[in-house]
Each structure stands twice: as structure tokens, then as C-alpha cells.
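In the part that follows, the structures are each spelled out as C-alpha cells.
Same chain, two partners: chain A is paired with chain B first, then with chain C.
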Partner chain A sequence: MFKLRDISIRNKLILMQVFTSVVVFGIVFGVFIITDVNSYKQRKVDSMISLAQVIGTNSISSIQFQDPEAAKKMLADLHNVAPEIIHAGITNKNGQAFASYSKIKADSFKIPVLKGKAFSFAGEQQLFVSNPIVSNNEIIGDVFLQVQLTELQKIKHDKYGLAFVLLLVALVFSFLIALMVQSYISKRLLKLVHAIKKVGKTGEYNKTLEEDGKDEIATLIQAFNKLMEEIKESQKKKDEFIGIASHELKTPLTSIKGYVEMLNVLEQEQPKKKFVEKTLNNVNKLERLVKDLLDVSKIQSGQLKLDIKEFNIDELLDETIIAAQMVSGTHHIERKDHPDNKMIFGDKQRIEQVLLNLLSNAIKYSPGENKVVVDSEKTEKELIIKIRDYGIGVPKEEQINIFERFYRTKGVSVHISGFGLGLYICRDIINRHYGKIWVESADKGSIFYFSLPLKHSFTTQQTQA
Partner chain B sequence: MLFKRFLLVVLASFLAGAITAQNAEQEANLKAAFIYNFTKYIDWGNYDHGSDFVIGIIGDSPVTESLNEIASQNTVDNKRIAIKTIDNASEIKDCDILFIPKKSRFSLNYLLRKARPGVLTISEEAGFAKKGTAFNFVIINNRLKFEANLKAISSAGLKAGSQLLKLAIIVD
Partner chain C sequence: MNKILVVDDDLDILSLVQVILSMNNFTVEAISRWEDISNKIAEFKPNLVLLDVMLGGADGRDICRNLQTQAATKDIPVVLFSANPEMGKYIKDCMAKDFVAKPFEMAQLLKTVRTYVN
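This part shows the complex of A and B:
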């Protein structure tokens, strides 16, 4: 079903203008045609009445001297004078036919009942005119004319044709004008829509639109800008809160961790030792979350600094795999490539953070006993690290979003803890290393990739940046 | 239906207009009407005789009765119509129209001499128009027609309207 609401404003504007102009032109042309046809009819009636008057005047003597032949002869001249007259008749004062004329090939003549009217139309085809013959203030007879309105049909046909063509021209012109005019309104609307979409996608709330004019669209833009301002403000407050909170949480947590670690060393007696170990585990988990929050806060405020040094990525990979394996006993992390002491420029600690994050994610999202495969591939310019799991995978439509701040995959995340900050931090770290991070779906589970420029290309990119 | 009626009307009117020799009364009526109708197309100019419009008829004629009837109902130029039977040629000078019936007592030449300018002469004898009367009634195809002698009309100082002359048989 066709819905007006489904049409874009741009097309609505065009449609509106075209429709309006067509209606207006239609009415104007209609009125013109009707007036034209009516004035043609009136002119025809007038001229035919005049002709009847002339015929009447000229036949006075014929009637008076009872000479129908003379009258007939005069009527016969109508053939040349007024070819549209198909029948003409003169009656005497008693209403008896005195003389008549019929155009060749014309049908039979019927004297119409005019009921005292000077003329009447038989449809649009014929006109009947009657005019009394007056001599010395005395009606001595009548003249009847039957006129074929062939010209009227032609005029009508021509006018309708012309009106149709003009209407088409008007349609085309109004469409073109509408096309030009609509852009003034719709362009600005579309610009706003585009800006809103962009904000929705990127989450960059600091972009404002130029305010032009004072119309409703300008008001809309103003409202949009104000909204952006408010979002920016609340965003800022949130970031500040995260920064302060994570900072304030970290200080006592460090102290708690220190004491719990000490307790862990001192306490050997079961089951106290087990409780301390559990506490330590959870403190570590809490510390990671607080650290994540702190990192995010740093990223937001631009305080995250990389400590770039040259290091052996193969070593780091092995170390990280061992560390991750320690956390999850049920999973088997396997390295597919052969270590060959590849050297990389970067922040070793941060790259380790990325690797740990990706590995822990791989473990988290592949419940049960599954293996995780770590692989690397060296190209001319960069090193690509692949971490493959055989877990639940990432739906295609969510693959762009999972690197966003506080984003948690829908449905499955309920059972899995975390703030949804890990991948956001990973992306930021990798971006700062001039690398890329992305995810691909495999037949089972997913593959997370990140690329790091090799030593020489990293330095060139750094100098470019 | 209407057409048939019209045809019937046409035929009837033709019959009505036809003059039969037997119907003398009808002929006289028609002639009287013609004479009266002539007055509508003739311009007497300055020849204005008096308070009455006088139509003179030489001797007795059936036309007289018909003319009397017309005269009782009509006027010419707002003047009363007076119908005069003329027995004496001297009376001719007072007439505006002089009707010369068939078998008149006077010879045509005599009458034409008496009829001074300003008198419209009308006759009903074959060839009279040629001999000098302004109008002369003839019957052609059972229809009453009239001949006109333009010379006679102009020499009488009168003017005849073109609407009248177009119906006349011009003889001179």
C-alpha cells in the first residue's frame, strides 16, 4: 500500500509543488476553455441572430407581395454566405412556411420549439435561431436558422489539445522549479540527518552544525547543537567521574592487594590459606577492572602515553600464552607459528595487555574445554597476530560495535562479567601503534586480528605522524 | 413528425398563395393588399397633396371594396387613406395613387396625360407598364406579379425602394 509518509520530504515538496501548479493551471485552463467556448457560442448566436434579422428585413417585401421565389432565392445565397447554416426557413405571420432552404445533403429540417426564445442549442452540435420579421411595428413572419456547429467541435478539440500540452509544459517546468527549490529546504534537513547519523555512529559529540537563517530547520539545527553541547557536557562529567572513581578505587585496592599477598605468603594453614587465595584472586580481578577503567579514563583525557622500545614479540607471545594458560586450566592455548625472534617497536606492556585481553576473551567466550590458537604472519611492512577461538563467535552485525566503549554483545553477555572496555582499550593501544585491529567470523568461533608495523615502517609512520 | 408537418405547411401555403382566375374576389383582395404595400416602398418626396392619402380608382372595380377595407384599418405616413372612385378625369390631380382597372372608360394615354407628377399609376392590363404606367399587375403561373416601369416611376417624380423593385418584373 502506498503511504504518503514513506515519501521523502524532498519528493513530498516536489510532489506538492507539481500538484499545486497542475491543479491551478488545470482550473485556469478549464475556466479559459469554458469562457472561450461560451463566448464563441455567444458570438455565433449574435451573428446568427443578426443574419436572421438581415434575412427578415430583406424578406419583408417578399412576404408582403407574396413572392416566395424571391425569398427562396435570397435564402439560397446562404450557401455561400454562411455555409454552416444547414436549414433556413421563413414563415408568415400565421406560422405557415413561406420559403425554405436546405443545404445540399442536409437532413430533414425540424422547426424547433423555441418557446419564444431567440435561440436554443441542440446539444453541442446544432444551434437554432429564430427572429421575428417586423414591418411597421407588426410581426409579419419569422426567420428560422439551423446552424451546424462544426467549428465549435474543432475549437474545443484544439483548446483541449493546447491546454493539455500547456499542462504538460507546466508540469515539467514546475517539476524543474520544485527540484531547484526543494534543495534549499531538503539539503539542510539532509545535512542535519547526516550529522545526526554520523554522531550516532562515531560518538563524536563535539561536532556542531552551522546555524543559518531563522526558520524551523535553523531551530532544529540549534536544538541539535544544544543537544550535542549537553551530551558533551554529560560525557565530560562521566569521564571525569570514571577518572576520579577509578583513581580513588585504585589506591585502597593497591593497599588491600599488598596485605592479601603478604597474608598469602604467611598463611599456610588450611582452610585459611584457601580463603586468602580466593580473596587474592578476586582482588586481582577487581584490580584488572579498575585498571581498565583507569585506562579508559586516560584514553579519554589523552593521558595514555606509550613507552616505545624495541622488544622481541615472539618472547612476549610465549610469555603471555603461559600467563593466560595459568588463568584457565580447562583451555588449551596453542601456538601455530614458529618463533624466530621478530623485533618490534612498541610499548611491550601495552601489547601484552592487548594479547592478554584477547586471550582472556577467547577463553571467556568459548566455554568448556576448547582450544585457542595463536598464530602470526609477517608481511613486508607489518606483523599480523591472529587469535582464534572455537567459541560462540561474534555476529556479523556486531563486529563493528564490539570495539566501542561499554559495548557488550547482546544476549550472550549476561553470563559473562566485564565492563565492555577491553576491546575498546585494545583498539586504542593498537591504533596508537599505527596498527589495526579487527575480527572475522570463522565456521566456529571467531578470529581476532591485530597488525603491528615492523620496526622500520613504524618509525617512518611515526615521523609522518 | 415535425418535418412532415412542415412539408404540409409548405404545400398549403403555396396553394393559398396561388391565384385562380375563377376566384376573382381573392384576386381583388390581393391586388388591394399589393397596392397598399406599394405605399411602403414608394417615396412621394415633395408631392404632398393634403391631409389624406388618396387612392383613386377609375370607375368600378372589385378592388375598391378590398381597398376600402384596408383603408379602414391602416394609414400611410400617419395619414388617413381615402378611396375615391373617379368618374371625372379632373379628379386625378388630387390622387397619390391612381389605379386603372381593366376596361377603363378612359384611354390609357388620356389618363397618363392627366396624371401629373406625384401620382403613382397602377394598371392591370397586359402591356400597360410598357405603355407608361408605373406598375402593372400580371398573373404568371397562377401567381400575382407586377411589372415596373422605372422610367414612368422616375418621370412621375417618385422613388421606388429596391426591396420592391427586386420583386418586380422590370419592363422599361
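This part shows the complex of A and C:
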């Protein structure tokens, strides 16, 4: 259904202006035409009554001497005097026709319905006028005139035509004026909308708009700027907190990890050695969780910045596979493609983080298996990296959700630890590289893909960050 | 060619790094006050400085830049270490040789240090 709120403000403004001017001009022209027509009619009635009076006065003697021929002759003169009269007649005091005149081709004369001094209009087409013939204060008959209002039709036609043309001109002018006004208003509004959209998309809250003027839109811009300032302030506080938390959490963790690692080297006696190993494993797990949580805070406060450089992705793939292989005693990670020193632009450390995350997931979610396959495919525009496992797989209905924060796969028969942050972080990192990350099901297990553009598509702003 | 000066305001980490490096046949001096760095370098003449970034009251990056621009200390390589992994991006900026993120793996710390001293 047609809804007013669905029309853009721009069009509403134009519509309003055009509508208002059409209504105003319409009323003005209407009143003008009606007054004009009425005054014309009044004048016509007056002049016809005067004419009827003259005819009446001149026909007194004809009536008194019963000479209808003389009266008829006088009426025939009307043909020259007032050509718009189509019928004229004189009746005696009994209302019977005494003399009449009919314009050639005009309808036959009818007995007038009017009596005394009177007039009536037959629509806008004809005017009937009658006037008594008075002699010595006695009514001796009536003069009756039927007038064709051809001129009125013409006047009306002309006036309506003129009004229509003027209305069109007014319409065009008001449309042009509205266009100018709206472009001024909507330009500023759109600028604001653009700024808000940009902030929503990039999470950069440092955008402020120039305040121009004192109207409602300027107030809106002011409110926007104030909001940006407040967000910036709270972001700053949050960033400070992340900084402090990061430092304060990691400092003791560094000590714990370091000393436990040393104990692990020094202690050879069982079961002490086993206890130390377990402690170390858990310290490492804790370290990863702290890192992930801090990364998520950074992502959310728009603080995760990439350090974009050109690097050899094939080398990184090999290094990462070795690193992941080192921590997995159960799986063999196999590289299917042939490295050919592909160079890409990106944050090497963050891409490594994504690879490690996907590899460790592949291992974690395929207990009892022993194979993970890494493959890559280069297209014209992008490089696609595939990591395939032969594990429990991801059900189709969960394939979108697994990249959400704190999402954990449902219906997993084995307990798998983690916060459900890894893939969320991966997705953010890949998105910031203008790439995509997704998962597909295989016959057994799943394949995680991510793509990275081969061309340098980062803005200067990001490379500087 | 195996003298290392470690600077960190966290005493536990300081002694941890000292123990790890000593166990691996490095001669180590460890200080927690950044104000003592100049004197210590003059006296100990280290072959490498392992420098924390977030020192109480001072930024390791500034200290590093200072050391690298002074004639007496510019040839001593500096490796930064910090709990903030973002600091790794600044090593070129402050003329440090390398960066180690905390918490670190022992092997990784040793590998980095051995790149610059033997």
C-alpha cells in the first residue's frame, strides 16, 4: 500500500510545495473567474432589463392602438441592436402574445414563464428577462427577451484557459523552487546519513560534521557530533581498560608460564613431571583464552588494526603447518598444493593466527582421525586456502552461526574446550583483509575456506594503521 | 660475546629471564630500574639489551631510540619484549632489532636472543 512515510523527504518536500502552490493558485483563479462571470452576468441582466424597458416604453402606443405590426417592426430592429437576442416578445396584460421576434434559425417562440420585472438563467447558456410595460401606473403588458449568452461562454473558455496555463506555469516554478530548497535540505540530511552509515560500517568514531546554521538539521548534526564525542570518550576508556587488562593479565601469566616451562625442563621424576606437563598445558590454554578475549575486545572497539605488508604466503603456510604439527601428536598435516612463492598483501601475524586457529580446530574436531589436508587455489583475483578435516563436521544449519561470538557446535559428542571466539576472530581478520571465510561439508568432516585478494586493495588509512 | 642486559620492572619476570638465559650459558645482568640503564651499560658492556616496553614511568621504545642514537650505545642490539603484541609493530620505528611477546615460549626467547649474540 502507498505510505506517506515511504516517500523520501526530498520528494515529500517537492510534493508539499507543488501541492500547496497548486491549491493556492487554484483557489485564487477560481474566485477570480467566478467573480468575473458573476459581474458579467449582472451587467448583462442590467443592460437587457434597460433594453426591455426601452422596448416597453416604445411599444405603449402600439399596444394602446392595437397595432402589433408596428411593435413587430420595432422588435425586428433588435437583429441589429442586440444580435445576441434570439427571441423577443410582447404580451398584453392578459399574458397573450401581442408581437414577437425570432432570430433566423432560432427555436420557435415560447410563451414566457416570467412575469413582471424578472430574470432567470437557463444554465449558463441563456438568459430570460422580462419587464412590465407600465402606462399611467397601470401594467398593460410585458416585454420578454431570450438572450443567447455566447459571449459568456467565450469569456469563460478564455478565463479557464488562461487559469490553466498560469497554473501550469506556477506548477513548474514551484517545482523548480522546491527542487532547489529540497536539494539544500536533503543534501545536508544525506551528508549526515552518509556519516552515520560510515561510522556504523567502519566503527571509527572520530567523524564529526561541520555545523552549518541553526535549523533542525543543524541541531541533528550537533547531536550527532556530541554522540560521536561521547562514544569516543567511552571508547578511549575501554581502550585504556583493554591496555591495562592486557598488561596485568599477561604479566603474571608470563611468570607462571616461564617458571612452569623451566620446571618442565628440570623435572624428570614421575609423576611430578606429568603434573608439570598438565600445568603447562593449561597455562597455554589460559594464555590462548586471554589472547582471544583481548582480541574480541579489540575487534569490538574497532582497535584491531592490521599491519599490512607484502609477504610470502607459501612460506607462511609451511611455517604454520610445522608449528601446528609440533603441538599435535595425533594428526599429520599434509600440504596438497605446490608452493610457488605467492606474494600477497596482508598482516602476516594475523593471517598466521587464522591459519593456526583453523588448523587447531581441524585437529580438535577430528578426534580419532589422523589427517588434515591444507590446499590452496589461485584465481585471477584471489587466493583461496582450504583446510580439510575428516572429523565430526559442521551441520548445514550451523554453518553460518559458527562464525558468531561464543557460538559452540551443538550435539558434539566429545567435550571440546574453548570459548567459541576463535572463528569470530578469524572472520573479523579475514573481513578486514577484504576476503571471505566460510565452511562447507565434505563426505566426512568439513572444509574451511578463506580467500584473500591478490591485489593490494587496502586504503592508505589502513596501511598506515 | 654473550653478555645480556635484561630490563623489566616486574621482578619475577626479571629473575625468570635471568635464570633461563644463565642456564643457557649467557652472562646476564638484570635491572628493574630503567634509570640505571646508562650506568649499567657503561659498566657491564652488554652485547645485547633485552628491554621491556611498559616500564614504570618510561616507555621502552623511547629508551631504545635513545640508545640507538647515542654513539656509545648505538652498536648494541636491543630486543623489546612486552605483554602488548601490538608493540611488535614499532620496532623499526624505535630502531630495535626484534620483538618478543609476553607470555613467551622459552625456545622462542632463546632463538631470538641467539640471532644477535652467541
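FYI, the second predicted complex is superposed on the first by the 267 of 465 C-alpha atoms of A that agree within 3 Å, B and C clash if a C-alpha of one lies under 4 Å from a C-alpha of the other, contacts with A are read in each partner's own complex, and residues count from 1 in each chain.
The rule we apply is simple: a contact is a pair of C-beta atoms (placed from the backbone, for glycine too) under 8 Å apart; a residue touches a chain by one contact, two chains touch by 3 or more.
Quantities reported herein were computed from a predicted structural model and do not represent experimental measurements.
Chemist: Evaluate whether chain B and chain C can sit on chain A together after superposition, giving fit or clash.
Modeler: With chain A as the common anchor, chain B and chain C both fit in the superposed model.
Chemist: Output check: A:134 vs chain B and chain C. Expected answer is one of first, second, both, neither. What do you get?
Modeler: After superposition on chain A, A:134 lies in contact with neither partner.
Chemist: Where does A:49 make contact in the superposed view: on chain B (first), on chain C (second), on both, or on neither?
Modeler: Neither: A:49 stays clear of chain B and chain C.
Chemist: With both complexes overlaid on chain A, does A:280 touch chain B (first), chain C (second), both or neither?
Modeler: In the superposition, A:280 contacts neither chain B nor chain C.
Chemist: Once the structures are superposed on A, label A:307 by its partner contacts, choosing first (chain B), second (chain C), both or neither.
Modeler: second
Chemist: Once chain A of both complexes is superposed, is A:262 in touch with chain B (first), chain C (second), both, or neither?
Modeler: Second partner only.
Chemist: State whether A:33 touches chain B only (first), chain C only (second), both chains, or neither.
Modeler: Neither chain B nor chain C is touched by A:33.
Chemist: Could you grab the smallest C-alpha gap between chain B and chain C in the overlay, to the nearest Å?
Modeler: Checking C-alpha atoms only, chain B sits 111 Å from chain C at its nearest point.
Chemist: For chain A, which residues belong to both interfaces, chain B and chain C?
Modeler: Chain A residues touching both partners: none found.
Chemist: Which residues, counting only chain A, touch chain C once they are in their complex?
Modeler: Touch list, chain A to chain C: 243, 246-247, 249-259, 261-262, 265, 287, 305, 307, 349.
Chemist: Quick one: which bits of chain C touch chain A in the complex? Just the residue numbers, please.
Modeler: That would be residues 10, 12-13, 16-17, 19-20, 23, 54, 83-86, 88-89, 102-106 of chain C.
Chemist: Name, in rising order, each residue of chain B that touches chain A in their complex.
Modeler: For this pair, the touching residues of chain B are 2-3, 6, 9-10, 12-14, 16-17, 30, 33-34, 37, 40-41, 143-146, 161, 163-164, 166-167.
Chemist: Which positions of chain A touch chain B when the two form their complex?
Modeler: On the chain A side, the touching residues are 58, 60-62, 64-68, 70, 89, 91-92, 95-98, 100, 108-111, 135-136.
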